[in-house]
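Have a look at these structures, which come just after this line.
Shared between the two complexes below is chain A, which has chain B as its partner in the first and chain C in the second.
So, the complex of A and B:
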């Protein structure tokens, strides 16, 4: 009798685990499905080649039952500009710090650097926006700017790259490095010719994940890059970004249809980067 | 100086730059918050009055601190059964199976969806649902935000705990099976006690994520600057008040927002540090 009860409980629990796990993955499917269903009809050639429409054009098109003209070119170029500039600083610096931590793993000072990197990784992105506002917007560009946006994204990317670099290098067999050292190869060549090529896929994965993390960031850019109705490649001028455009469309009742296509575009971009990164890591 | 030394110095300087960056961030936040602390002292933290009207300016962060803690705790409570089930599904019941790979990838993808897209989905999908269920009239509020936050932190709560659960040694589990234990009994008496610290740590880190989330919460919480009386009330969090009121902020108000940023940075830093400490201690 007792045995029956125990096995019933056992089965009930397994059932609950399965049900709750399915509940946990339902949102991602609902979100992606929703975005495709509502967003796909706005995605066409001009979506990628034209700047965002003004609210008047959008309203006229809506009243005539047409799709909204224009696209998100100013957002795409802005995101590209800011993420590129952030990568230019965060990738090399993150690699160097990661290599330092790997080489000096046992030192107390390295432990401090590692802890600081972890704290930065947990810092809310909006706080990074505040910092970039004070450093760049107020003191360097004297106005909202792409540079300030890049600065906040750089601080976000750094700890991600540092961590993945250190973890990747730790997995490389020490004998490979020692073989190089025994041959008298200079230290910088060990890094460039041995560590980086051997750990290449791991390093790439870390960088791609860091990129996919900052691509969708909105909050820090609201405080730094602000937005721009036109395509802008000036690093010291306000700049739009895809997530900033989504925020702008969200706040304008005439633009609602554009929310879905822009979100669909952003999500596909981020998830593709994610999946590529995982694919590389799996190899 | 030989090339060996140059390389070592470059690596060291890179690591030093991270420490300078973090120190600079904290100093900037402290410097920015000085005016508001000078005017209100510690009352800034314990007062619930937030009034930006010129001449009668008064700033107290308590409503936002309370709002942040309630939304994040509630999110963790909602997330807990889902995340634990998913971890058991991936790390115990279907470990190494194809279905676990698929579910695991889907859960990972949850982390890739940008915050603003969660906000949109919450606004257009979840909010009407909450209205229909009759929880409150507009669908905005603490509860709506917490549900979205719970979904957002599932991947953070599952990642480490899944790994730890799957690392529980088989011979321990088999010993329990050989005594006639059911799978549920093995999970409750062997797997979870063995993996306890890892599970707790991953929930702490997920909690830290929830504390700093900005966009999704800003779009759903209703942005009312008073202490919420219940979970279906509207409220505001520290991150969302910064995002919301930064645009028109100057002088004392700006200082108040920076001070909130400083508090948020400290709280998330402490929570994350605590999580890392548990991992280190029991690893």
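So, the complex of A and C:
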């Protein structure tokens, strides 16, 4: 009698777990499904090779029942430019700070750095955009620029990379480090040639997750990179980005269709990065 | 204790008044003097926290890594003060194997064996490297098991095989002394007996210092044994004598299982 009750409880619990997990993933599935349905018809070759159309072209095309011409090339190149510059600074700096925190975990200064990095991670992205605006737009480039956009993205990436680096290195058993020292290997070489290769998958995962985090950032870019109707590779000039284009399309009633395809592109890009990160982490 | 407990002629390692403290005035080892004989297995026994590991870690200056640890006294290797040797010189002469197998996970089996040369930037011709790898792996009786997988990572090896790989890594330098810190405590009985047979074979070429928790193991393979208790070297002598006729009461009590 008791056994029956117990197995009934078991089944009830199992059923509930399945139902609730379905409830949790339904919105995500709906979003992806919706994006596909609405976005796929605009995605073609010119979507990746042409710059964003002006509202007049879009309206004419819509009135003739055609799809909107043009694409999001200026956004893709802008995102690529700004994220690359941000990575160039944030990845080495984040790795170095992470290694420093790991090596000096007990020191007071390291504790301060760790706390600041944690606060930075929780800071609203628009605030970071404001800071980049006052530091770089106002004082360095004297105008909206890709550099200012990169700076705000760098500040966003840094804490993520710092913490993932520290946590990854902490997971490596100390005996691996001692094995190197017992062979007489100098300390810096142990870090470079033993610890970093050993934690390689963890470090890469952290970097990829930081990348996918900033790929979709809009708020700080509005205050720094502003946007640009043309392809721009000059870091001194205003630049577009895919999320900025989405915001621009949203404000133009003729461009609504492009919102969906741009969003689809961004979601797929971020999902791919996440999946790669997962694959690497599993190794 | 100024004089070592027993006289050993031409010792390979001579330890003089060694003290190691982890905190101020708290000694893990207090004033230990002992000589270690060449081409034999010397076992260090004692209950947890008696200073066994601290003693062998002092022999290749592993304590240097931790600035809070203070070491006093002198250690001579072949009558040379080890504090005057560089890290690489010293650790080429005194190799170490740890409690749990710790091959470098990012490296192939081949690279693991040659790691001491590679990581220290000691260049060698490929043929010479191949020889070193082959000899070291043969020495630890791992060659036939891994010769077709030399360039694969070692993570498919069993715990015992990994530990033998670590011994091979230490042997690659052709050291004078190999220090082993409870090398078999994480292994199953079959792997343990393989390691023990290996050590007995290796003592022809190397001097072996073995820390062990396991009295039976010390009795099986060591030639000389020391018994440590609370940082003090209580008794040192031929293993046979120590086990059959201990002179100190604490040794007797430990060996008969009264504590430990």
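Here is the rule we go by: the second predicted complex is superposed on the first by the 262 of 283 C-alpha atoms of A that agree within 3 Å, B and C clash if a C-alpha of one lies under 4 Å from a C-alpha of the other, contacts with A are read in each partner's own complex, and residues count from 1 in each chain.
By definition in this document, a contact is a pair of C-beta atoms (placed from the backbone, for glycine too) under 8 Å apart; a residue touches a chain by one contact, two chains touch by 3 or more.
Here the structure is a predicted model, which means the values were calculated and not measured.
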item: Chain C versus chain B on the shared chain A, clash or fit after superposition; value: fit
item: Touched partner set for A:197, first chain B, second chain C, both or neither; value: second
item: Comparing the two partners chain B and chain C, which touches a greater set of residues in chain A; value: B
item: Touched partner set for A:188, first chain B, second chain C, both or neither; value: first
item: First (chain B), second (chain C), both or neither touched by A:217; value: first
item: Touching partner for A:246 - first (chain B), second (chain C), both, neither; value: first
item: Chain B versus chain C as contact partner of A:281, first or second or both or neither; value: neither
item: Which of chain B and chain C A:263 touches, first, second, both or neither; value: first
item: Partner chain in contact with A:17 - chain B first, chain C second, else both or neither; value: first
item: Touching partner for A:231 - first (chain B), second (chain C), both, neither; value: neither
item: Angle at the Cα centre of chain A, taken between the Cα centres of chain B and chain C once the superposition is applied, in steps of 10 degrees; value: 100
item: Superposed arrangement (fit on chain A Cα atoms) - minimum chain B/chain C Cα distance in Å; value: 12
item: Interface residues of chain A shared between complexes with chain B and chain C; value: 186
item: Chain A residues touching chain C - in the complex, by the definition given at the top; value: 173, 175-176, 178-186, 189-190, 193-194, 197-198, 200
item: Parts of chain B lying in touch with chain A, wherever the complex brings them together; value: 3-4, 6-8, 10-12, 14-15, 17-19, 21-22, 24-25, 28-29, 32, 81-86, 88-90, 93, 103, 105-110, 112-121, 123-125, 151, 154, 158, 182-185, 187, 205, 208-209, 211-215, 218-219, 239, 242-243, 246-247, 257-258, 261, 264-265, 268-269, 271-273, 276
item: Complex interface listing, chain C residues touching chain A; value: 60, 62, 65, 86-92, 95-96, 98-100, 102-107, 115-116, 119-120, 166, 169-170, 173
item: Chain A residues touching chain B - in the complex, by the definition given at the top; value: 6-7, 9-10, 13-14, 16-21, 23-25, 27-31, 34-35, 93, 96-97, 99-101, 103, 109-110, 112-113, 115-127, 130-131, 134-135, 155, 158, 162, 186-188, 191, 212, 215-219, 222-223, 243, 246-247, 250, 259, 263, 266-267, 270-271, 273-275, 278
